[in-house]
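For reference, the structure discussed in these notes is given below.
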């Protein structure tokens, strides 16, 4: 494994261990490498909206989590500035969603990331785009 | 109270009662009327990200909830097609966030909604824009 | 007139005079004040797309112009970082479009702006949201 | 060449020939196939904003043009519902910009498209995401 990819994995695991949301939502990291992360989450009853489908907020949250791991992958503290999401199809109770984040471009302190959310059977659920900003400092050394 | 506003209130309460997320996140409806909703939520430890601030997904989820109540306010089933959010400042553990959704425009089956997220002290946290699509059927009669 | 509003007007006029696009598109400034701008443009044949309606790029460009004047209104050089637009209805040849930009929030160097695009008869065409970043320096003194 | 790709090329050329904007902006089609389009445009003086860099509206317009060709590539009339753009770096007078649109997902009448805008030397300028909606009818048979 490339050193940069091993670092990305450590950062993602540290973030997941530290955050309140990941364990609550049972986020699992499938893969994390430089500028890339793929995570999964199962849709539970407490994630459904008033139409009995997965709440848009939870689909966004999963995508945003993958985005966060990808944009922090070089162990430089980086935050989301902006994100956009298109909801393509509803997700249902019990389905497992996979969010795959890929870096599109970085310029200066800004970065653009594309995240696809699909069911683990490959059905398209949402497309997310995130704009990040590096704010300085290490993720791993922040204890 | 106008009849349209009373209907909007009933729809919002029915949606909140029915959804898995609202009670989990302790969403409270402050106001709901035709094309408008204002909801609040307190930032808990299980809503924090790896940087120890409110997870962008939870800020989005709160805004998206207000958006959902506003765009369903005429008791016609309506879903989110797309949403964008700009994160303006971090929110911290224990802060109460207020999301205020206002209809900007409706044309045919589409609607555009603006949602501001602020702390209850008025500090700007995020600006959200949602695009909705009416899909037919009543929210209240779907039991 | 408040001094801040007079400054905003001078900035908007300086920007319009200096830019290549404004005169090409025949942009007219209706109003410019602190954190606010309203501009108009008539839809010409060279602004139509392959469906014979106003090109989304031109509707965006008009909204973006209003956004630029509003976010530079304090005479501090400010650029667009991100923007989102929902297209609500087509605009036709000969119609005059009015874009009205209003500041929603500012925090640090970032600002969020809402822009509505309507025909001069008030028909909703698009809703735009822009995220700006101040980069330092004066607009007026940059000659 | 696959038949679907040949159709996409004919649609893109018909749209370019028919639209007011493409010839005005001197858009050139580099490639058009099913769910994909790549177009180019040179930044002219009449495309610069008040900061003397390419107007965000023109960068958006180029991306939106590639998006339009990609989402109409199956010769079914399709319009933009929503689009988001992140501006990563300024583009300068005389630079040639290339917008590459790729379909990410289609579900029912909706489609999501990713567009990257780069200089022809490969420098990242902007990332665009578009959400389309098929409205029925043929592009080619609409004469």
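Order of writing sets the chain letters: A, B, C and D. Residues in each chain are counted from 1.
Following the convention adopted for this analysis, a residue touches a chain if its C-beta (ideal position, glycine included) is under 8 Å from a C-beta of that chain, and two chains touch if they have at least 3 such contacts.
Just so it is clear, the model here is predicted, and its values are computed rather than measured.
A.B. asks: I want to compare two interfaces, C-D and B-C. Which one has more contacting C-beta pairs?
C.D. replies: The comparison resolves to C-D.
A.B. asks: Please name the chain that ends up farthest from chain C once chain centres are defined by their CA atoms averaged.
C.D. replies: Relative to chain C, the chain whose C-alpha centre sits farthest away is A.
A.B. asks: Averaging over Cα atoms per chain, report the distance between chain A and chain C in Å.
C.D. replies: Computed value for the inter-centroid distance: 33 Å.
A.B. asks: Starting from the mean Cα coordinates of chain B and chain C, work out the distance between those two points in Å.
C.D. replies: 28
A.B. asks: Per the centroid of Cα atoms for each chain, what is the distance between chain C and chain D, given in Å?
C.D. replies: 22
A.B. asks: Going by the touch rule set out above, which residues of chain A reach two or more other chains?
C.D. replies: Where chain A meets two or more other chains at a single residue, that happens at 81-82, 84, 86, 110, 131.
A.B. asks: Chain A touches which residues of chain D in the complex?
C.D. replies: 82, 84, 86, 88-89, 104-108, 110, 112, 114, 116, 124, 127, 129, 131
A.B. asks: Can you name the residues of chain D that touch chain B in the complex?
C.D. replies: Within the complex, chain D touches chain B at residues 81-82, 84, 110, 131.
A.B. asks: Can you name the residues of chain A that touch chain B in the complex?
C.D. replies: Per the touch definition, chain A meets chain B at residues 14-16, 18-22, 24, 44-52, 55-58, 60-62, 64-65, 68, 72, 77, 79-87, 90, 139.
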